[in-house]
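A quick write-up on the structure given underneath.
Labels run A, B, C and D following the written order; every chain starts at residue 1.
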């Protein structure tokens, strides 16, 4: 069954990657990243064995970091929106403050 | 799974008479009669209302997002109803015995927000959307003090399993643990009350500060249920009816049902965590073994009946308190609500967490 | 600063010095609603101070002087001391300062009752008393200078007490500025003193002077030193030519005039010269004597025709101060000091009695436009205010120099010495003595004129029936002061100053002349003055009848007197107007020449900046912009190669990863 | 039974993930993400990781998705128009993702794999682990969260609008 988990994880990761690459909206990109992180987590949990439960620890930390990443990411998106009045990534092509 | 079988009819009955009780209690508080026409003393008024609601046309607004609009109430109800499956009803009867019971419960409750946002957005209405956003902000904010106050209990009980927590608070604690119960939980008092049981073994007595923690829990739970004085998401004077504005008939009754289910859920959880779960409040006093008499025999139907009786009656007291609060306090402003949650309840709950940890050290 | 105050007397002196300051602070801290408490509390503190001063006086009188000083700081190897020195004359002056201050405080409780600035007033009175005591006991020229400035400052504040009145503000400013002129002289003196002796300590200076080898310091320098220090006294004691501020200072409340501008502060100059007598060279003393006699005469003349009750007293004060200075100049320093003591009481008594009259007239006539100080509208007050009349009479007789009163004793000594100096030295001293004796007659004239105008004849003002004697408080104060002006208090034999206890301690001047000569001479002069004034101002005379609508400039002499020798006008013409002209010219020069220059440079700068700005914009910016443009274009060109989208980078990265995975597999 | 559940929820997760990929409505995508996360959470439970599952639901569904929805609501005009988003690079993304998936599948099949997590997730051992071996990461995660929250607040609260 581990095999199945891994394949699902690979699939979700690929889909997440596709979302990140294709989408124009910055929030969509964030969603894709979350999906990729979850795919990774699925791997960790599936691999978690024995008393030490290392995989689960990793999964927990990944979740925590993902929460932080989302918070900061969305804050930046809001900031960008405030500034450019859009979150379409192809329209945000200047870094001049 | 079995509890679900119990809870679904129970919930429907509860909502019917809960609404009736709410009307009557508000009437008494406001010094009037309330419903009096249908049935004796207006007893069947709610049933009549319910019948009317079910017969009504299921209106979906033209501009609404049809799919989400139809799903949203069901999502809300399912989420809340699912969490009932984790609750214990009597010593031998628990829906799903998971080690992470309370944690799971909290996780599932937090899903409620998704449904509310879904409903608010799908309605395609300013009031609905505003109500949904307010509701989401409020629920997320008050989840913090709620979780912290529950954490205070968990520090004392040292388990997440609701059934274990229930066992610890009565005369049958020996079934799950060898640790004796001392008065106020303190071994230094050297008064063994394992066999005495009753109110003395409830968590609020085992650690008296938990009463104050329960106050925090109660306030936060009011906010979680979107009930007055924290009913900002559906503040009728400002937002018509919040995220429920566009709902009518059957779907609206589901939303209302979920709301009452939520009330019941937090009250049950409060009773389980603080007020002895399904345990009797009467202690064994020497030869007058009140606790034993009012608890039945472990494993026999009497234990089922007594357990359900005590749990449900205590829960009703809690629900009465909620209704009382609703008809007594004025609605708070949104900024007051936020500052109460973040600036007062959260730090106070953190301080109590520290106290409870120290108390737990004294209990060893 | 090492604090080693040892003896009991030192502690007493410090307490005495401190009490008025405490009183001032108290008055400052207590809120306005407790006005009356402030008055009584500060008076009580003054009384305590007076009591301590009396104790000190008795100790000093019977045993040695108190001398105590401590190191303050070292400056460039020179130790600077701070301390105090109380010898018998200083101790007696202390008693007088404290006592008069106490009486003035008492008087003011009643006099200032209705005033809004009550608290402020008592604060400044306390501060003034503190500084005055400081001047008297300080043993160091610099410390004296500090207190000197402090009393000047208090005087400025108190003259301007009614700061909403324009004339009061002007008068206070005038007093302050005129005093500055004197202070400049004082500072020059201090500078000379430091450069020559490297010390300000009076005791040390005294030893230096006594050990001074002749010719080690040019005598001209010593004369300059003495005169510069005396200049300070000229300013403070209102001597010619700086006496113009004192009559204007009468704008202050009358008790202030009594305390500051009659009894104490103006006498500080006399006391200062007395204290530094050893530093005065003979030439300086001659100048001092000349100045004093001129002042005495001018003051007396100016007092003859005044209408304002306080102005008469002010000019009389100038005249008396002139007497004292003149006495110092001719060598009768003890006599000068004795006159200072007696003058403090009778002049304070006169001022306070005048204040009492003003107060009761003011109470009777509630009219702000009515001048209650004008003697033309007074008259016949003898009947309505008998106690005030008696006090006024006693103090006036003392001022004239009638035997049995204190003024007689002190003036006697001075006249003897002046006469002796004139006889022995001749020259200028003869002129001095003529002026001195003329002043005696004039004094008798203007004092008796004032008495006749105020208290005799009939009342010429309005609301006569409402005029009443003042409260017991004021009466008590007046009685105390008039008692202290009676000769017996100062000498057991009131006809002879030789038996005066003060003079016995200070030292009686040796004289070859019999006393009876000067006595007869001065008495006959006084009688001439009295008779002349009686003939003009006797009750019901024609002159008095028309007096209330008389104008001062009946003839040129009277006008000269009334306008105080036209000194103010002269200063206006000679100093102020030319100065204003100069200032005008300077301002014109500034406007026309300097402003033009500044404008020109500004215009030039603007033009230059425009040119530079153009260069900057066109050339420098052009280069930068051009390069930026080139780089930007290049960037755009290269950007299109990279795909111009953030996700493109991800694609490239993933492709790289894919290749790696592929290779690993 | 468990196998069937695993297949079912895997399929659910995969389908909802694909839905996210192909929908243009961000809010639908967000709600589909909820389904994906819930399905994954159930897969965790089936892999005997109760605690991680509960955490997954609580933080991902109850927290992150809600925040994302908030983000969507704050950056789009919602009433009367659905928040649509276009896409680009479709072709190359399809190729890359396909190649990645293929390669990964090959790699996975190539591996020598054992059984699924053996025992039922024991919270006690998780707790001990967090307080002993993983104490430093645990604390660092706490600080990271704090910093991230403060940082996010600071970034958003500064008012700076393009003129």
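By definition in this document, a contact is a pair of C-beta atoms (placed from the backbone, for glycine too) under 8 Å apart; a residue touches a chain by one contact, two chains touch by 3 or more.
Since the model is a prediction, treat every value here as computed from it, not as a measurement.
Student: Looking at A-C and B-D, which pair shares more C-beta contacts?
Tutor: By the number of C-beta pairs in contact, the winner is B-D.
Student: Taking each chain's centre as its mean C-alpha position, how far apart are chain A and chain C in Å?
Tutor: That pair's centroid distance is 89 Å.
Student: Based only on mean CA positions, could you tell me how far chain B sits from chain D in angstrom?
Tutor: Chain centres of chain B and chain D, defined by C-alpha means, are spaced 29 Å apart.
Student: Could you work out how far the Cα centre of chain A sits from that of chain D, in whole Å?
Tutor: From the centre of chain A to the centre of chain D is 6 Å.
Student: If you look at chain C, which of its residues touch at least two other chains?
Tutor: 645, 647, 651, 654
Student: Among the residues of chain A, pick out those that touch two or more other chains and give their numbers.
Tutor: Only 17, 21-22, 90 qualify.
Student: Give every touching pair of chains, nothing left out.
Tutor: Listed in label order, the chain pairs in contact are A-C, A-D, B-D, C-D.
Student: Going by the contact rule at the top, pick out the chain A residues touching chain D in the complex.
Tutor: For this pair, the touching residues of chain A are 1-8, 10-19, 21-25, 27-28, 30-32, 34-35, 38, 41-42, 45-53, 55-57, 59-61, 63-72, 74-79, 81-85, 87-88, 90.
Student: Which of the residues in chain D come into contact with chain A in the complex?
Tutor: 3, 6-7, 10, 13-14, 17-18, 20-21, 26, 29-30, 33, 36-37, 40, 43-44, 47, 49, 51-52, 55-56, 59-60, 63-64, 67-68, 70-72, 74-75, 85-90, 92-94, 96-98, 100-101, 104-105, 108-109, 111, 113-119, 121-122, 125-126, 129-130, 133-134, 137, 141, 144-145, 147-149, 151-153, 155-156, 158, 160-162
Student: Under the touch definition given earlier, write down the residues of chain A that touch chain C in their complex.
Tutor: 17, 20-22, 29, 89-90, 93
Student: Going by the contact rule at the top, pick out the chain D residues touching chain C in the complex.
Tutor: Against chain C, chain D makes touches at 88-89, 92-93, 96, 99-100, 103-104, 106-107, 110.
Student: Using the touch definition up top, name the residues of chain D that touch chain B in the complex.
Tutor: It is residues 27, 31, 34, 50-51, 54-55, 57-58, 61-63, 65-66, 69-70, 73, 78-80, 82, 120-123 of chain D that touch chain B.
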